[in-house]
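A, B, C and D label the chains in the order they appear, each numbered from 1.
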Amino acid sequence: MDLSTHIGGGLKIKNPVMMASGTFGHGAEYATLFDLSRLGGVVTKTITFHARAGNLPPRTVETPSGMLNSIGLTNPGIDAFIRDKVPPLAALNTGRVVSIAGTSNEEFAEMARRFNDLDGVDALELNISSPNMKDGGMLFGCSETAAHDVTRAVKAVSRLPIIVKLTPNVTDIAAIAVAVEEGGADGIALINTLLGMAVNIHTRRPVLGNITGGLSGPAIKPVALALTWKVVNRVSVPVIGMGGITTVQDALEFLIIGASAIQVGTATFVHHSAALEIIDGIADYCKAHQLANLSDLVGSLQPPLGR
Amino acid sequence: MPEIPHFVQEQARVLSNQPVAKGIYLMRLEAPAVSRTCQPAQFVQILTDPGLSPFLRRPFSALRVDRDAGWFEIIYDVIGPGTERMAVAKIGDEFDINGPLGQPFVPPNTGRLLLVGGGVGLVPLAFLAWAHPERRNDMVYLMGAANGHRMPDMAALLPQNLVLHLATDDGSVGHKGFVTQLIAEHVVPNTTVITCGPHAMMAQVAKIAGERKLPCFASLENHMACGFGACMGCVVAYKEATTPDLQYRRVCLEGPMVNAHAIVW
Amino acid sequence: MDLSTHIGGGLKIKNPVMMASGTFGHGAEYATLFDLSRLGGVVTKTITFHARAGNLPPRTVETPSGMLNSIGLTNPGIDAFIRDKVPPLAALNTGRVVSIAGTSNEEFAEMARRFNDLDGVDALELNISSPNMKDGGMLFGCSETAAHDVTRAVKAVSRLPIIVKLTPNVTDIAAIAVAVEEGGADGIALINTLLGMAVNIHTRRPVLGNITGGLSGPAIKPVALALTWKVVNRVSVPVIGMGGITTVQDALEFLIIGASAIQVGTATFVHHSAALEIIDGIADYCKAHQLANLSDLVGSLQPPLGR
Amino acid sequence: MPEIPHFVQEQARVLSNQPVAKGIYLMRLEAPAVSRTCQPAQFVQILTDPGLSPFLRRPFSALRVDRDAGWFEIIYDVIGPGTERMAVAKIGDEFDINGPLGQPFVPPNTGRLLLVGGGVGLVPLAFLAWAHPERRNDMVYLMGAANGHRMPDMAALLPQNLVLHLATDDGSVGHKGFVTQLIAEHVVPNTTVITCGPHAMMAQVAKIAGERKLPCFASLENHMACGFGACMGCVVAYKEATTPDLQYRRVCLEGPMVNAHAIVW
């Protein structure tokens, strides 16, 4: 059985299961936890040009079947990242995707350019969807023009496959997807977190230091699935689906509707090897349903009965 | 930056589970792998329900381990859905746990160790006492609780012959008032203060220790989504940081026992 | 203690807890279930001009801490509604709000006009946010201009307080809220359901006959709260918050951030008297916190510690 | 349109809970209010967990009630998270339940009653048999299951002296084949067919009954969010409707036992 899949720009990964940005550190530090070479890929925590402290704590709170986070892109900046984090990442035998976020088209492009001469990075994921970044972040992902232009600016300078990660907090995510595809994106990833909030009724204060945060986990899976469905129907580049994927059932739903790969985020916090169980489960499913290639599964959705 | 500790996921079996004070339970869990390596100040993360509610694991400090028998104990305050589920667990029930997590804490080799606990904050301090018989003569354990009902029978939880002083807010047991009021009289030259309890109490302990220029360590209980350094959620602010990304550091990874003078309370 | 609250256009209800549209039938038929006069108000299932059959079943599916529905506004049409449902509704001693949805500004206005001469209806809720209506529905709620214009058209003809119910499936809900306020809305209700989907991995078909549906229940509460927070910060008319409210804690969060009232929807399916427990709980909380009036609670949010 | 039945919310205590076939359990619940009024074809909705997962109540038909003792029984197939929680319930555990819901079904006064059950669809038919001793001589009960392991000991679940014929797909018990194959030989003039089981089976039963011009009633198991007519979710399509809003009707309110010839299968 061949579980390999294309995620854009000619990048083929060994199976469709990747670790989502911001939920698995920089990847390599978890090599003691399990065999990272079993993964389809790893997306590193989003880096910015300059080092960032991130948001005021508290930064996480549990919600029904999910959680809010307002981490705020804590990261050491691109220089320290390239110096300290890329070498161990490069040593991994899996798809190595670096997530970047800039505050302008130029900064995005400049960051992308730095990876042109580096070995060991297979693709870039443009985070134009972080609800926790005040300057830039989600702003790029909320407008077709801005999303298109930043993609084009990066594509103009980068030699790597470019995956653009979209925010669900928009009226028409398919239109944004089409815009980034027109901007030259090699692949599209979605969804980043939904904007959310929680209040402590005893202190009558927001639970999060940042007031609002991003909702992730099983609670958002139905939303992620609907938006992924909207996007796969409108673009022809590979789509990486995510949002609440916790079990193999969840992953299969995304693949069946047409996602070429999936990312596991919050689920890792609860079951650190959730991704591995999902890989095994996909293999079992394909075997049971006599699907020789992952591509036989991807996009195999039938219409509802009676339609 | 500290390395991710090598932890395991294990099905832990409840060996006992009963109240030791009002709303406070002691649970013994059979979990050979975790028990084998768990050190003072480390914690475990318990999945309190196999379904999605509660969703995240709940972190608990280890109280005591028996490496040969393969069990460890925790003490927990029943305050919400997760601990409510734990409180109804029966002998033989199983919980999916991760551990041990966090950095082990090794106390200084010399001088007095002044352990200041509040409520279930007693746990990591008690483990320290159990784990270091060679230092027990130098330990003084100060323990605070709201009232007598909330004060466990400490003799049953601590090694014998440990110097112990109790305080309750209402004076129903021991000193009447905050446990922090007992600190002054137990400070001797070369004292290290080690504390765990409610945030406000620990902040007060750190302040008192600071005024007296005593080294102080506090075991923090920040909200944790992952417990193993992956989410950057459980951070505490440090007073000094060479680069912005070091301003906030992960309690689950660098702690939970941290230098109380280095952080912003 | 005075729990009464204003929800727009001079309409005062006895307490801030209302039953959400589509989750409590036409209200009056549940008079045997509990004392409806205890409620702050009831919003009836959205009606359309013509009778509608609604969508192909299956129409509901459980999701983590929530559910998807694709009912599709099954209703008998405005004539039958006025003939059969308004008289028992009028007999209720609670805030009686009728939810209407049209396919054009004119149809909305025409429907609103029909209620001018009827006794026993205290306000209209304009449903410009249903994800399950192909013609109209959410479309009005997705554009500032359309939302503004439909509100204005209804306000021009109606003598009743007009509450406009918004969809969360937009980029900038506060801008839509401002637009409907400028259109003359007396109050704003939010949120309607989030677009969602579920797939049956055994049949590889959508679970819902309509493919997508609306996500409701505790899963969406953090999103609803964040969007309500955005809206209360931008408009001065009363805001009715909803989305996943199940317990008194949930309701208090919405009131604390500034909602003047709340609606209980999906929670009723699980605990039919959830609304009553919430009313009691709000009273207990106000007592414990020595708040004499509900208005002392509404909007009492403090900034996060450290800010 | 039928009225909303008068139902109650009640804490029901588990009096017994044990398997009656492979993966199929019989549970007796002490619930005086529900038991007092529950009629054949009505159902209860069980909150299988006090938390949020599973989120919605799960509907189950009533099998048998003892109005004086204040209990009723259900039989359930363990197929997902809700029924898994039920299967581990111990005597004395409590569940929050709503009921009775749906319309009671009263069989015709004369003629044969041919009851055709498949799997746990046996339940409402069995209640009919228990509730109508005066009609028992006219009842013929045809019961199908996948195999012998999935076939409960029907004698223990049905009143004595009921004519009963079994069928299993693999022939391990009774007739080899589908239970629907037994219908023909048990039809007499003036027969009413009443069925409950998997959708495909009921559709087949309705078809056979239709061909023979026999009245037929089927107990549907559509997905239900509320169970009391509030959500419009559990609808089934009717062949004839005077107005569009009557095209789809609520199974929880008009059913669950519906005229099998009136609906679109």
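In this section, a residue touches a chain if its C-beta (ideal position, glycine included) is under 8 Å from a C-beta of that chain, and two chains touch if they have at least 3 such contacts.
Just so we're clear, the structure is a prediction, and the values are computed from it rather than from any experiment.
Peer 1: Can you list every chain that touches chain A and also touches chain D?
Peer 2: In this structure, the chains that contact chain D and also chain A are B, C.
Peer 1: So how far apart, in whole Å, are chain B and chain C when each is placed at the average of its C-alpha atoms?
Peer 2: Here the centre of chain C sits 46 Å away from the centre of chain B.
Peer 1: Averaging only over C-alpha atoms, locate the centres of chain B and chain D and give their separation in whole Å.
Peer 2: Whole-Å distance between the two chain centres: 53.
Peer 1: Taking the mean of the CA coordinates per chain, how far is chain A from chain B in Å?
Peer 2: Each chain's C-alpha centroid was found; their separation is 36 Å.
Peer 1: For chain A and chain C, let me know how many angstrom lie between their CA-based centres, rounded off.
Peer 2: Taking the mean C-alpha position of each chain, the two centres sit 33 Å apart.
Peer 1: Could you pull out the residues of chain A that touch at least 2 other chains?
Peer 2: 63-66, 217-218
Peer 1: Residue numbers in chain B touching 2 or more other chains?
Peer 2: Residues 52-54.
Peer 1: How is the touch graph of the chains shaped: line, ring, star, complete or other?
Peer 2: If you draw each chain as a dot and join those that touch, every dot ends up joined to every other.
Peer 1: Within the complex, which stretch of chain C touches chain B?
Peer 2: Chain C reaches chain B through residues 64-65.
Peer 1: In their complex, what parts of chain D are in touch with chain C?
Peer 2: Chain D residues touching chain C: 3-4, 6-7, 9, 47, 52-57, 98, 222-237, 241, 243-245, 247-248.
Peer 1: Could you list, by residue number, the parts of chain A that touch chain B in their complex?
Peer 2: Answer in residue numbers: 22-25, 29-30, 32-33, 45, 50-54, 57-67, 69, 71, 74-77, 80, 217-218, 266, 268-273.
Peer 1: Touching chain D in the complex: which residues of chain B?
Peer 2: 49, 51-54, 81
Peer 1: Using the touch rule from the top, collect the residues of chain B that touch chain C in their complex.
Peer 2: On the chain B side, the touching residues are 52-53.
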